[in-house]
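The structure under discussion appears below in the form of structure tokens.
We just call them A, B, C and D in the order they show up, numbering each chain from 1.
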Amino acid sequence: MSAIENSKLAIIGAGAVGTSLAYASLIRQSAREVVLYDINEPKVEAEVLDLAHGTQFTGASCVSGGADLDMISDANMVVITAGARQHPGQSRLEMSGVNVGILRELMPKLIKRAPDAVYMIVTNPCDILTYAALHFSGLPSSRVFGSGTVLDSSRLRWLLAHRVGVAIANVHATIVGEHGDSEFPLWSQARVGPISLDQWVADDISPVTNGREKFSEAEFAAITEDVKTAAYRVIAGKGATNYAIGLSGARIVEAVLRDEGAVLPISSVLTDYRGVSNVALSVPTVVNAEGVSRVIEVPFSESEQALFQHSADTLRATLDTLGLK
Amino acid sequence: MSAIENSKLAIIGAGAVGTSLAYASLIRQSAREVVLYDINEPKVEAEVLDLAHGTQFTGASCVSGGADLDMISDANMVVITAGARQHPGQSRLEMSGVNVGILRELMPKLIKRAPDAVYMIVTNPCDILTYAALHFSGLPSSRVFGSGTVLDSSRLRWLLAHRVGVAIANVHATIVGEHGDSEFPLWSQARVGPISLDQWVADDISPVTNGREKFSEAEFAAITEDVKTAAYRVIAGKGATNYAIGLSGARIVEAVLRDEGAVLPISSVLTDYRGVSNVALSVPTVVNAEGVSRVIEVPFSESEQALFQHSADTLRATLDTLGLK
Amino acid sequence: MSAIENSKLAIIGAGAVGTSLAYASLIRQSAREVVLYDINEPKVEAEVLDLAHGTQFTGASCVSGGADLDMISDANMVVITAGARQHPGQSRLEMSGVNVGILRELMPKLIKRAPDAVYMIVTNPCDILTYAALHFSGLPSSRVFGSGTVLDSSRLRWLLAHRVGVAIANVHATIVGEHGDSEFPLWSQARVGPISLDQWVADDISPVTNGREKFSEAEFAAITEDVKTAAYRVIAGKGATNYAIGLSGARIVEAVLRDEGAVLPISSVLTDYRGVSNVALSVPTVVNAEGVSRVIEVPFSESEQALFQHSADTLRATLDTLGLK
Amino acid sequence: MSAIENSKLAIIGAGAVGTSLAYASLIRQSAREVVLYDINEPKVEAEVLDLAHGTQFTGASCVSGGADLDMISDANMVVITAGARQHPGQSRLEMSGVNVGILRELMPKLIKRAPDAVYMIVTNPCDILTYAALHFSGLPSSRVFGSGTVLDSSRLRWLLAHRVGVAIANVHATIVGEHGDSEFPLWSQARVGPISLDQWVADDISPVTNGREKFSEAEFAAITEDVKTAAYRVIAGKGATNYAIGLSGARIVEAVLRDEGAVLPISSVLTDYRGVSNVALSVPTVVNAEGVSRVIEVPFSESEQALFQHSADTLRATLDTLGLK
């Protein structure tokens, strides 16, 4: 063994998201080597320097990068954050055209240099772009996916953990569908520790919940709304979202580079999943060194099935508009 | 602030279990300071030295200890592993008498020195001894619990993770009841990622499971048996079990010292839980800096309710025999 | 124990530096609880949300905050990043006036709410502000210090590690003096693993250095210059520096909250250190739960002594100008 | 990428040392996959089970193993702990014959199955066995080394850290030579943070050291003696040493599998190092994915040179006796 083999993470785009994802990956040691690429040379060089200056505190993980694409050669995983960010008020789907164009040019160049990598799309609209990237790459569909609703699910879990008063690690709840306005929580499968969310506090007076009853429909609706509008509120207050997506992305990177078989709601092009095909959106997926190892067929309630179909239709319509058949 | 406050973990008993738990706690930095106590002075001093010699590699965590009980003063958590270990062929309940006697003498001395600590019993039979320790301590019941079936549940999850081919972190399954022969898995609540265990592979052909069907009743029964006999097999092969309980114990310690609110199947004295009172056994429990923050009322199937009652009856009978009303 | 005690880190200022420091602290679990405060309410609320949305991936660490200063009550450590950032071309000392004014108002309010905390100043010019903060606080000098040259030393180590081809953890080199233009590396004490830096490659042909000789004076001078101008270059390229200071700050936080006794070049008000008194600048310092536990009297070469005195004089002059006697 | 490549650690020998090393490696996630092998089938199977039962708490790291050597195939690193342990009173060199015999048989079988691995010898006498293993393997000398005095140096640092009152991470001191009675600390290069150990407390009154003076010759001698006899004392008290060597070994594994370039005092066959050739003993060494990347030529004082030569002569004599030219 003259060198280690599963070490190299390339991040395309050194904006707020790409650098936060690099930072989180370095601190968590998600990869041994992080390479950052951007077309904006002064920017990417400054970001690499700033990240590198902290590597005394990141164990064996190190960072390099610049505006020369050859630096990503032989990456084991490539994460794409390049593109326009979401402006205040702008819907995720509205950003599509420009970013599809960037991918059309970028993917062949990336695949030439990192032909064996697993590719993850973070740039928005990430479901549309995942479809586009797969299309432009010619890779097997397991090797191209989007970060999807991992972030949205983390937002949901944080809200629920506060509401029920247990550790966030013990709140199991998932957002599926589009990473965008048509997404929805799979309430039928949500759990707190060993019990179903809708049974929580059913027969128990906890000091935390002060005798409150079960979750009401209104609360479920309010929480759903809160998650769906979270990005808009963060963008309104600080102009972008970056920290939470940085951590979510780093976590998915680990699932791949450590060959974990972790279950995460990432976005991949589906084939006959609950009747949906030829569109990328998020469902619980087993993620390992191959990328998408398996999508899990979750039981949907009737209304969930309708919401899922609606989300797929929305995305398919956009793909059609963009000429992505 | 002249010193940190949630730092001190005292471990009573420097045998195979106590030292493994200390080792895991140091490596994971579960506590800032680990103190090991045992009546066997040469043994405990050698163990402390051996552990201390590795602390170059354990961050800020450090270890000390010996045969002087005053070293545990002001511990924030006390873990009791002292006592006779389980001999090959011996049932867990058969060890009771001797170990109850040890606790009767030990608890008052511990509480005098660490009056505000949370107490965890690991020594077997840990449910019986948890009851006894609470009894001898006069503490509120939230502050005395047993490591219970956290270990058994970890064994179950490991078996299931291999069987289904996903990361162990995404297998949610719990053993409840006695830490011993009458324990049982809560199959009705077991999940793989977002779906119920009995739906796994229902409508999906995974490469991992090669077209196999859903779990059969026979498989569930075989896995249950495997978990229940695991300790016996380990003891037959190596004379003790220590590594897995060391990690399980360190994990519970973290839930307390980091005030996590983690959901873990620890053993505490129950009051009208599914009809069971005045006996300690394991159910899913929210664990934080107070110890037992709340027991979670899990829905039981009819057969689970019967098994649970049987487990409680078994333990109550032993307690009666031992004169612990 | 009804709650954990060494858990609470308050960060004042939710700009690029404060939020990066919060992010790094959450990911590294440097504190159990991070509270972010800023006068800019929409901004700080958005930053807290974005950070909180990632806490599914940060273990037990959690974050809250806003524009209400009462949220920092009883913090164990307070890190101050509030203030104007360094503009391109601006020297660190030029920012002084405004930021001294902010501290004059802020310190009494902070101390009222967190009277037992250890205070760290990150805002620039950090040596001047450390002096000012101590002055305005009335606290013992051990409890108020600046992040100093921990960041600059990390930059130096990164450069050296690349040059010599060993892990950054084995490069021991320190920048002392002002966090600013008059700072300098203590070359006389710099080491690679067990040997003095100026002996590296003395009698050895390494593949990494390809037969190159010892470090030359010119190389030492170039590296010094590189470190001293690093911040300017990063600011020119990206408008601020935040990631490396975020990690450096989180590392210092750990030294305090874990009561480590770590040796770090932080900035504190010195009393007769190598002839220097009544000015704050960085020298190797033992940092623990009390803050500054001890400054270490490092042997200086003659030229190092002159540089150190010059650095102190520069800072003293600024303090005088600002009326801080 | 269909699988990760730097993941597999094989440990030969499932005794106290091999299992502790496996446990530490799992907890620290030093390797993705740990395989344990031993000729004692019931023992190794029980140890693997016990370790596996804890893997719910070890992230992505997993363990398997048994008495079938084929399980180690394609390991990236092989650590050898098989053999007779040191009995109370027995010198490390007295164990040689038997263990050389085991290696003679084992090495070819291992290399057939893991031809590209880096090999580390932990079994004692580890310097003798490192020489023998290299001899029997036909591998380049960079790919076979002994754990050497990493453990002994950790013992030294722990003693010094307590004596000076700073974090162990800031105490830089190294034991070199034989892992055994002729070893010695390189006092001339020992440091506390940025200063030489013999200057510590020179001009400073610390609360920790209560006005004590510099280290005296007598103290240096006592500490040296303490380190050299530590193993004997641990073995007298508990029958073996395992925890500290487990952590030391895991740390070295990381240096290799993460391609760190870490400086560690491992034992390798030297060629004209300070006049010593054709014998394996420990000196500060840069360790990366190739194994021994470079030995560092440390300046020795005159007495250190004499001690080093003596240590080499002692080992050479044993090698001669054993017929290992």
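The rule we apply is simple: a contact is a pair of C-beta atoms (placed from the backbone, for glycine too) under 8 Å apart; a residue touches a chain by one contact, two chains touch by 3 or more.
Which chain is which protein? Per UniProt: A, B, C, D = L-lactate dehydrogenase.
Remember, it's a predicted structure, so these values are computed and weren't measured experimentally.
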Going from chain B to chain D via touching chains takes a minimum number of steps equal to 1
Of all chains, the one whose CA centroid lies most distant from that of chain D is A
So, in whole Å, the Cα centroid of chain C is separated from that of chain D by 36
Between chain B and chain C, the Cα-mean centres are separated in Å by 42
Whole-angstrom distance, CA centroid of chain A to CA centroid of chain D, is 42
Residues in chain C with touches to at least two other chains are numbered 59-60, 167, 169, 260
The chain D residues in contact with chain C across the complex are 165-167, 169-170, 172, 174, 186, 189, 191-196, 199, 202-204, 206-208, 255, 260-263, 284, 286, 293-294, 296-299
In the complex, chain D touches chain A at residues 1-7, 32, 59-60, 76, 116-118, 254, 257-260, 289-290
So, in the complex, the side of chain B touching chain D is made of residues 19-20, 23-24, 27-28, 42-43, 45-47, 49-60, 151, 153-155, 157-158, 167-169, 230, 233-238, 241-244, 246-248, 250-251
